[in-house]
Structures are given as structure tokens and as C-alpha cells.
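You will see chain A twice below: alongside chain B first, and alongside chain C after that.
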Partner chain A sequence: MELDYDLAFYVEMFARTFSFWWVILPAIFLGLIVGAIPGFSAANTIIILLPLTLAMDPETGLTFMVALYASSRMGAGIPAILVNIPGTAGAAATPLDGYPMTKQGRGQQALAMSFVASIAGGLLTTVVALISLPWLAQIAFYLHSVEMIVIMFFGISLIATIAAKDTLKGLIAGFFGLMIGFIGTDVVYETPRGTFGFLELYDKVPLIPALVGLFAISEAFAIIENQSILTERGKAAMGKPGWAATFEGARIAASKWWHITWNSIIGLVIGVVPGAGAAIASFVAYQQSKTYSKTPELYGTGHVEGLIAPESANNGVTSGTLVPLLVIGIPGGATAAIMLVVLQFHGVTVGPDLFLTSPELAFGPFTAMAVTYAIMVFSVLPLARYMSNITVVSTIYMAPIIISFTLVGSFVPRAYLFDMNLALVFGVIGYVARKTGYHVAAILIGVILGPLMETYFLRAMKMSQGDIMVIFSSSIGNTLWVLLVISMALPYFMDYRRNKAALNDPYG
Partner chain B sequence: MAENAEAQGSEKVSIGSELIIPVAAFFFTIYYFITIWNAPWTAQVAAFIVGSILLFLVVLIVIKSVRSLSSGEGELNFNNLVNPKSFIPKRLGLLALTIGYIFIVPSLGFTITTFLFLSMAMLVLSDFRKKRLIFALAATLSLGGYLLFIVAFKTRFPAGPFETFMKGFF
Partner chain C sequence: MDFDDKIDLGMSRRDILKGSMAVAGAVAASTMPFSKAFAAGYPDHNLKSYIPTREGGGADRLHRAITGVWKNHLGAAFEPSFFPGAAGRVGYEKYMGLAKDDMYELLFGNMGPEVLNWVVKKPTFDLNTFQYFAQVDSDPGIIFVSRRSKFKTIDDLIAEGKKRTLNVGVSRLAHPATLGALALGRHTGAKFNPIPLSGGKNTRAGVATGEMDCGALPSGGIVNRKKGFKVLLMFSHKNPLPGRSENAPTMNDHFKTSMPSLIAGSRAFGVKKSAIAKHPERFAKIEKTLKEVFKDPAFKKAYAKTKSPWEFVGYRDAAQAAEYTKNIAKIGAEFKDLLTGKKT
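Moving on, here comes the complex of A and B:
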């Protein structure tokens, strides 16, 4: 595909997109709200608002959806940082360091860091995606079932090294999550497996009740043991809310510009792969950030880099998911799939021709995303000061509010009362996991990856006529297997080197 | 929680509670294997690979726990799970109210059930103090939730008498 556009074209596109500020601004605030509430995804909200977007012309509708999508990604990080409840699975790695910062009384600073990382990561990857559209789209062509299986194992290996302090516990939690993710009928033979006879589980374990139970319900039962989310030191450190903590957070995040750049690019590349998504991207980013950090021991205790890595990566995914949609017509995620439906409703056919026939529609989503992130600098960053106040609310009020609103949120996607019961079951599992050192994020990532891994396994098995060795049949796959082994061994090697250096240090 | 963890750090490892997740994982995997026993090979392979790895990991942690018990580093109890014990009544109260919420919400609807749950749960957690504040807060939150989610977002929350009555106005 030959695309030759000059600078004037891009400038005109950005100027044109800015004229849609009246659509972008309300979409930003709506996206922040729906992103922050577990059970409400950007995809669901866009579906609810379909009558509105379908009534708009395609360009306005697309701009609205993109702005809502980008801001909801950022919104999901807010409760993850403040109350340890990620708004969506894509923010599941955010509380690992975001929540400890809040407990230390640095909630406002953490929010500011998260906003800067999200905005900078999102803006950067949007521009990169805009420039490299045709090349990025090729990545999806090279990853088939076998390669995806290895990527899924990568996800699980990350659990062992990230989520739990004890690798064995991390692996058990992750593989337990995978087995839970296998519940339901298989995609080829429709055989029900592990459903306990519940018809509601035939269609796999729904993700929202799992997310609500593992994070929200279990957290609500855990926080009642303290008067406030903040530790005693945190209460003393928090002081009066002012602008200083926001500026300081923004300054610290900006000083980590290389970290933001690198992790957002990871998010962009993973986002291009259809189905991979923000959850995988944020964990991959967190793991590689920890592996190459000079201070890996600080991760999980409220480390700046541990917060910035997943936040910049999951915002990098946002632009990535749009690449295969617009270039080859394959949506990279649920929201992109709904955008495809809206475009098709208006008679727009996505694919290479779109760049020649309607460049404003082909490039429009990316310029809309860039403009959304630019507007968020002024509209969202200042809110950190006020949002952080939630941390001083007593747990007497906080725990019941979390339980009631998230529990009923788990009902929303499918309107099954069964899903509220399921959320409670996951809540009990999550509570036991929290109390005994089996990190809930490890179980969740297993539940997310389970169905994906099984689908790829089934495809690979069908193609190889049942030969299990097919998983070692591709050169890209084999390279990924080697990288997987290295990524598992590297943290131990780095620890060994550090310990050895400490022993040899005469002043240590 | 951090304080609790620190407080518990000096105690022996609570083996009973540490084995709950592995034991649950073990029995679930065996149950899953039974449900796929007669399925085609291609539909079994992913679960057999992942399940076998999980069973192996469970065996490892059991061995580790037995060694910890024999060396005196661990004790066969559930302290990790129940500590701090002074919170057991509140935890159980909140659990009972949560189960009640799930059972009542289909008939009473979101707004009334949320009001009842919030007031009761807050009263239990606050040792039945600040009643006025709690009732006002519960009423504001449940009505606010109704206006935001049901009226504004048209969300499919469970409907009851209140939602049905208010339909005439919105």
C-alpha cells in the first residue's frame, strides 16, 4: 500500500479534529466515569449510546467513540490507584505500585503520575501509529495460533515473577486462573466442561464478575480491618491537598520520559495483535520494567516506575487496536469492533482503500485520539487534587459502597443474577488469596488468558491433526519460547549478579 | 492490611490457610478432568497440559508445607485468614448482608435494596453509631445511583417497586 501524505495534510487533519472539541470534551468526562466503574467498559457505553453515534455523521461519531475509548482507559486507573480496584482488566497491573503509593498518602501524586504517563504514552503512540500505519499492520499477519500460545505462556510466566512474592504461589494462582478460564463449552465441539451444571457458565466465565469479585469484594472485606485506606504514615504524609503534589507527580513522571516512551511502544505493538489487549500489555510492560530496573526490589512498594509502566502501556494499546481495524479490517478489540459496526452502518468499508477514498475517516481516529490526549492535559490532570480526597473517607462507609455498586455492576453486562453470585464466589477466592499471598492479579490474568489460550490450542491441534509438537513448529514461536525461558531466568540471574556484587563490595 | 501483615510476620507460617487455594485448585482440576474425560483429544489437550502443570505445582507446595511443618517454621492453623480475630463478627455480618443483598435485589430492585444494604452495613461496621449521617448517606447514594445509572445511563440494573413507580416520571 503506497501512502504519500505531506506535512500540510497532517496539519489540516489535526486542525479539522480540533474543531470537534465540543464532542471530545463530554466524551472525555463520560469515558473517565465509565472507565472508573468496574462493570462499565467503553465498549458497553458505546453500545448503550449507539442510537446517538449512529445519528451523527461518521466522522463525528468516530471522534466521539475514540475520545470516550481513550479517556475510559485512563479512567480505569483511577480506582486502581485510590482503592485498589481496577476499573477494567487493562488496569489490573496499576494497583501493584499505585495503591501502595496511596496508602503512603501519595494518592494525588500517583494520580498525577498516572495521568501524565497515560497522556504522554497515548499521545506518543498515536503519533507513531499515524506515521507507521502500514508497517504496524503487518505484525498481525506473522502471529498465528502457535505464536499466540507462546505469548499466552509468557503472560503466565509474568505472573510468577510479578504478582506474588513467592514464585510458586504466583504460578499456582496463575494456572488456577487458567483452569477457571477453561470453564465453558469448547469452541469446536461445544462440549460443556467444568461448569458444575450451570447453564450461565456455558459461555465461559464472564470477566466482569471475576474482576469485581477478585478485586472489589475481596478488597472491601480486607479494608474494614483498618479505619482508613491510608497507613498511619500515609495519613501524616498526606497533609492538606494542594496543587504541589500534582505538579510534583507530573514532574516525576516527566523525568521518566524514556520509561514512558519504551512502555507505550510495547503497548502499541501488543495492541496491534488482535485479541491481545491492554491486560497483557500492562503486565508485559510491568515485568520488563522490573527486570531491567536498577531497583527491582522496590516494585510492589509504591515505586514510580511500577506505576508508570502499566499506565503508559495500556494507553499505548488504545491506538494499537485501531491499526488492524483501519488497515486490514480486523478489529483489535471489543471497542474497535463496535467502531467497525458503526462505520459499516454508514456504508464505510474499512481496509486499504479507505486511505485513498476517505483519508479523513482513515486517519481521523488517530488524530482524534491525539487531540483527546492533548485536551486531557488541561481537563483531567487538575482533577487529581480532588479525586485523591476519596482516600480519607472512612472504610466504614467505603466498604459497603464498594460492595453494593460493584456487585450490581457485575449484573450489568449480561443481566444475569447468577453473575452477582459468581462475583461473591470470586470475592471469597480473592479474600483467601489476598490473606495468604496468592496475588489476585495472578488469578485474574489466568482467567483472562484461559479462553484465549484454549482457542489457540484448539486451532493449532486441528491444523496439525492432533500433533502436540506443533507448538514447537514455527521459527517465530521457537524464538519466543527461548525468550520466555530467558525472561523466567533473567530475574534470578540479575539477583545473583546483584548479590555477588554486594558480597564483593568492600564498603557494602 | 500492611500493618496486619507486618504483625503477622513475626508469627509462624499458617500452613492451613496457605493450602486453601492449592487444595481448591487440586479438586477443581480433578473435577475438570472428569468432565472432559470422554471429550475429543483436541478439546482435552489444553486443559490436560495446564491442569497437569497445576497439579505438579500443588504437589510442590504441599511438599514445601510439610517441610515447613517438620522444621517448625509453620503451624497447621488458619491464623492468616481469621486475624485480626476482633473483626470476625463484623466480617461475618458484612458477608451475611452481602448474601442478603444478592437475594433481595431481584424483588426489591436496585434503589431500595442498595439503601437497605448501605444503611445496615454501615451501621454494623460503625457499631451502630452516627445513625442520622448513615441513613442520609445511604439515601443520597442509592438515589444518586438510581439517577446516574438507571435514569441517565439507562443501565440494566435490577428493577423493583421504586423503579417501576418512577418510570412514570422519567
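Moving on, here comes the complex of A and C:
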């Protein structure tokens, strides 16, 4: 695909997109709300609003959907940071460092960091995607099942990273999560496994009830034991809300611009692969961030980089999922698939020709996304000051609100009462895990990434007709395997060097 | 009932007897003033449709197009409920377990893949208690490739398949289009390895990105994407879309076979047989008003929005639906070992 557009064209496209501010602004606030409530995602909101978007002309409808999609991704991080409840699976890695910050009374600062990382990451990857569309689309032609197995391992290896403090417990939790993730029918022969006779588990363990239970409900059970989410030091540190914490958070995040850049690029690349998504990207980004960090021991304690990595990566995914949709007509994710339905309804055929026949529709989603992120700087960032006030609400009120809201959220995606009960079961599992020192994030990584890895693995095995060596059959895959081994060995090597340096330090 | 040998949704002798009794009951009931009054009041509230796939998919769009017009003829709207999972199994099990037999609750499924699903794994309910009563579309299975593929004709593909095993992207193993690919391989000697990619969208992605050598799906999702894909072969008696498929040959014409038409997309309404037996007058109204939908110009307009070819649309009654399921189940039984992994 050859695209020959000059700067004036891009300027005109951006100016044109800004004229849709009246659509973008309400979509941003709606997206923040639906993103923040577990169970309500951009995809199902867009389905509910289909009659509205179908009534709009295609350009306006697309702009609305893209703005809602981008802001919902950011919205999912808000409860993850403030109350340890990721709004979607894509924000599941955010509370690992975001929530400890809140407990330390730095909730407002953490929100500001998250917003800056999301906006900068989203904006950057959108511009990169816009410039490199034809080349970027080629990624989907090279990352197949075999390569995706290795990428899954990057995410799953985070279990080992989390397990670093108590290896046995971490690995048990991760293994337990993987076992839960394998419940349901297998992807090849559709044989039910471990469903205990429940039809509702045939389609795998639903993610939202698992997410809600492990994080939200178990957290509600845990916080009720104290009067406040904040620690005593956190209460003292929080003080009176003002603009200073927002500016400070934004400044700290901006100073980590390189970290934001490469993690958002990880998100973009993973987003381009059809079927891969924000959950994979955020776990891979977190794992990579920690591996190459100079201060890996601070991860999990409220470390800035640990918050920025998943937030910039999951926003990098948003523009990535649009690339295969518009260039080769294959949606990269659920939301992109619904956008395709709307475009088809209006008689728009996506694919390379769209860039020649209707450039405003082909480039429009990317400029709309960029403009959305730009508008969010002024419309969302200031909200950090007010949103963080939620952390001072007494847990007597907070816990029942969390439980009731999230139970409704767990019911919404499939409308099964079973899912509410399942969320409660996961809540108990999560609570017991917390009390006994098992990391709920390790369980969740298994639940989320286990079925995906199994899918790619079984597919590769079927393609090779049972030859296990297929996982080493691709040169790109083999390169990724080497990188995986390096990234897993590197922390031990760095530890070794640090210990050696400490031993050699005459003042140590 | 020996499930391996027979999948018959309404055409066995016992069923014909049952059906005759239902019809006799309907005749008797229609003579009673009470029953007449009872039928006249039907429907007095919305009907519920159980759809065993995800919201927003092809079945959802077609269901909306039909029921959006049907409500004007029937006098009541339809409320769809989606029960995806395990290749439709969840939806059927839910329907048979939860739905009342009052003719207010129907099922809207895709007969081909769902009947095959039962061939490979028996459901918990008795199949003779369920019946498809109206097939609403017929989308033939096809073999297709990406426009970037080196295979330009079905003969190119077969020639390569005789040299090495070709990976064929399919929606799921138990699917009429998969059976088509397997039957083609058996007839020509080409080696096809079907790879289930969980749905049409993923299958198109697998073929478009070159991971799969070719794909086997219903034609509807491919002929609309002519710039990305090329249809090489159809598994129907006749090519219903010669213009949109570049005159792709049919298997029977090209390879001189006599395979039954493998209609891969065959959406149909079904209902519990006990509902028909209890409320024959209601069932008659359902059938009558659904037939009217297909003559209503508003339906053609609503269907156009699904972007599927109008050539696929057509009302086929319970007997025709039963004939179709019988054929599919028969071919499915032939390939059961391959579909269940007992043979690779």
C-alpha cells in the first residue's frame, strides 16, 4: 500500500477532527465512567449505543466510538489505582504499584501520573501508527501462533517476578490461576474440562467475575477491617487536596518520557496482532519494565515506573487495534469489530482502498484518537484532584458500595446470575489469598493469560500435527525465545553484580 | 436412539406420529370455542428468543432484521437473549432447560454447526423433544484464499495439497464448511489439516495474515470482501452468487462428485415440540406470520443492512429443515473420528 500525503493533508485532517469536539467531549466522559465500572466495557457500551451511532454519519459515528474507546481505557485505571479494582482486564497490572501509592496518601499524584502516561502513550502511538500504517500492518503477517506463544510467556513470566519475594507461594498462586484459566471447553475439540457440570463455565471462566472477585470483593472484605483505605502515614501525607499533587504527578510522569515511549510501543505492536489485547500488553510491559529497571526491588511498593508501564502500554494498544482493521480489514479486537459493523452498515468497505477512496474515514479514527488524547489533557487531568477524594470515604460505606457495584458489573456482560455467585467465590479465594500471603495478581495472570496461551499452543500443535518442535520453528519466534531467556535471567545477573559490588565496597 | 447413526430433528416415524397427533390436536382444538378465544389473545406480550451465539454477530443481525418486521405481522416484539459458548451447546441446553413450552420462547440458531456439534457430543436433552420449524437462510460453504496467496484456482490448491499437508483455517471443526474441506481432500487425495480458529472473524484473519494456506467458511463473510479474498470452490449444488464469487465452481461440477449441498450458514427458528403439541393454534400463527415476513418488502430493506447477499434468503419449512439436518448429520458421522480427534 502506498500512501502519498503531504503535511498539509495531515494538518487539514486534524483541523477537521477538532471540529467534532462536541462529539468527543461527551464520549470522553462516558468512556471514563464505563471504563471505571467492571463489566461495562467500551465494546458493550458501543453495542448498546449502536442505534445512536448508526444514526450519525460514518465520520461522526467513528469519532464518537474512537473517543469512547480511548477514554474507557484510561477510565479503567482510575478504580485500579484508588480502590484496587481494575475496570477491565487491561488495567489488571495497574494496581500492582498504583494502589500502594494510594495507600501512602499519593492517590492524586498516582492518578495524575497514570493520566499523563495514558495520554502521552496514547498520543505517541497514534501518531506513530498514523505515520507508519502500511509498515505497521505487516506485523500481523509475521506474528502468528508460534510467535504469540512466546509473547504469552513474556506475560506469564511476570508470575515468577511477582513470586520473587516468596517463590513457592507466588508459583502456587500462578499455577492455581493457570488451572482456573484452563476450565472450559478446549479450543480444538471443544471438550469440556473442569466445568463441574456448570454450563456457564463451558465458555471458560468469565474474566469480569474473576477480576471483580479477586480484586474488588476481596479488597472490600479486607478494607472493612480498617476505617480507611489509607495507612496512618498515608492519611498524614495526603493532607488537603490541591493542584500541587497533580502538577507533581504530571512532572514525575513526564520525566519518565523514555519509559512511557517504549512501553507504549510494546502496546502498539501487541495491539496490531488480531486477538491480542490490552491485558497481554500491560502484563508484558510491567514485566519488561521491571526486568530492565535500575530499581526492580521497588516494584510492588508504589513505584512510579510500575504504574507508568502498564498504563502507557494499554493505551498504546488502542491505536494498534485499529491498524489491521483499516489496512487489511481485520479488526484487532472486540471494539474494532463493532466499529467494522458500523462502517459496513454505512456501506464503507475497509481495506487498502479506503485510504485512496475515503481518506477522511481511513485516517479519521487515528486523528480522532489523537485529538481525544489531546482534549483529555485539559478535561481529564484536572479531575485527578477531585477523584482522589474517594480514598477518604470511610470503609464502612466504601466496602458495601464496592461489593454492590461490582456484583452488578459481574452480571452485566452475560446476564447470568451464576456470574455474581462466581464473583463472590473468587472474592473469598482472593481474601484467603491476601490473608495467607498469596498474590492475587499472580492468580489473575494465570486466569487471563492461561487460556490465551493454551489457544495459541494448541493451534500451533494442530498445525504441526503434534510436533512439539513447532514452537522453535520460526526465526522470529526463536529470536523472541532468546529475548525471553535474557529478560528472565537478567534480574538474577543484575542481583549478582549488585551483591558482588556490595562485597567489594570497602565502606559497604 | 443411537446418536451415532441418526440425528433426526422431526422426521423419524415416532416423530411423524407425534406430529400427526399434534396436528389432530390442533384440528380438534380449533373446533373448541375456548381454544379459539385462547389463540386470538396470542401473543399478549413479547416473545423471547434464545440465541446461542454472541451479541453483535451474524445471527444477531439477521434476527434483528427478521423480528423487526415480524413484530408487525405477529403483533408482539422479540427480546433476544444471547447464550454463547461451546459452539452453541450452552444456548441449546439453556433453552431446553429454561424455556417454557407456551410458544412465547423460541430458539434462533445455525443448524449446520449446531447439529454437527451434537454428532460429536450428545446433548443432555432428548433431541426428539426439539424441532426446527423454519429455516431462514442458506449460505453455502466455500474454500477461499487471500488475494496475496499463490493459489489462484482450486486446481493449484489441490496440486499443492498432494505435495504437502495444507492448513485450512475453519471456524470450528464441527462445521459444514470443514466437512466440505475434508470431503474435498478425501475425493482428490489432497491433504487438508483443518485448524479451528474460533469464529469467522479469526478465520479470515488467519487466512489474510498468511498463517493458513486457505480457509473454509460460509460464503457470506467472504464475498463481501472481494478485495481481500478469492473464492476457489463452493460446496453447494449451484453457485448462488456467480458475479460476486468470480464464477467459483461448485465441487460437484468441478470434480464430478455427488455430494449433498453443504450449506454452512443455515439459520433457523426452533421450538420445543411440547410447545407445538400444547399450543398448535399459536404455532400455526407463528408459522403463518413468519412466512408473511418473507413477502414483506420491509424485510428486504432491513436485510440489506446486514450486508449479506439477498440470494441466501428464503423460507424453508420444518420438513425441509429436517431434511437438511439429516444430511449434515450423516456426513458428520462419516467424519466423526476426524472431528473428535480419534483420527488425525
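In this text, the second predicted complex is superposed on the first by the 503 of 508 C-alpha atoms of A that agree within 3 Å, B and C clash if a C-alpha of one lies under 4 Å from a C-alpha of the other, contacts with A are read in each partner's own complex, and residues count from 1 in each chain.
Note that in this section a contact is a pair of C-beta atoms (placed from the backbone, for glycine too) under 8 Å apart; a residue touches a chain by one contact, two chains touch by 3 or more.
Remember, it's a predicted structure, so these values are computed and weren't measured experimentally.
Once chain A of one complex is fitted onto chain A of the other, the partner contacts of A:298 are absent, as it touches neither chain B nor chain C. Looking at the shared chain after the overlay, A:144 reaches chain C, while chain B stays out of its contact range. When the two structures are aligned on the shared chain, A:217 is found in touch with chain B, with no touch to chain C. Once chain A of one complex is fitted onto chain A of the other, the partner contacts of A:25 are absent, as it touches neither chain B nor chain C.
With both complexes placed on chain A, chain A has more residues touched by B than by the other of chain B and chain C. Shared-chain residue A:337: touches chain C; no touch with chain B. Once the two complexes are overlaid on the shared chain, A:199 sits against chain C while remaining clear of chain B. In the superposed pair of complexes, A:395 makes contact with chain B only, with no contact to chain C. In the superposition on chain A, contact of A:463 is made with chain C only, not with chain B.
Residue contacts after overlaying the shared chain place A:188 against chain B and chain C alike. 188-189, 191-192, 415, 462, 466 are the residues of chain A that lie in the contact sets of both chain B and chain C, per the superposition on chain A. Of all residues in chain A, only 40, 45, 48, 103, 168-169, 171-173, 175-176, 178-180, 182-183, 186, 188-189, 191-195, 217, 220-226, 231-232, 395-397, 399-401, 403-405, 407-408, 411-412, 415, 417, 420-421, 424, 427, 429, 432-438, 453-454, 457-458, 461-462, 466, 468 touch chain B in the complex they form. Listing the residues of chain B that touch chain A in their complex gives 1-4, 14, 17-18, 20-22, 24-25, 28-29, 31-32, 35-36, 39-43, 45-47, 49-51, 53-54, 57-58, 60-61, 64, 80-81, 84, 87, 90-91, 94-95, 98-99, 101-102, 105-106, 110, 114, 117-118, 121-122, 125-126, 137, 141, 145, 153-158. Residues 47, 140-141, 144-145, 185, 187-192, 199-200, 202-203, 274-275, 324, 328-331, 337-338, 341, 344-345, 349, 351-353, 414-415, 455, 459, 462-463, 465-466 of chain A are the ones that touch chain C when the two sit in their complex.
Residues 55-56, 61, 81-82, 84-87, 89-90, 93-94, 117, 120-121, 165, 167, 172-174, 193, 195-198, 201-202, 204-205, 208-211, 224-225, 227-228, 305, 307, 339-341, 344 of chain C are the ones that touch chain A when the two sit in their complex.
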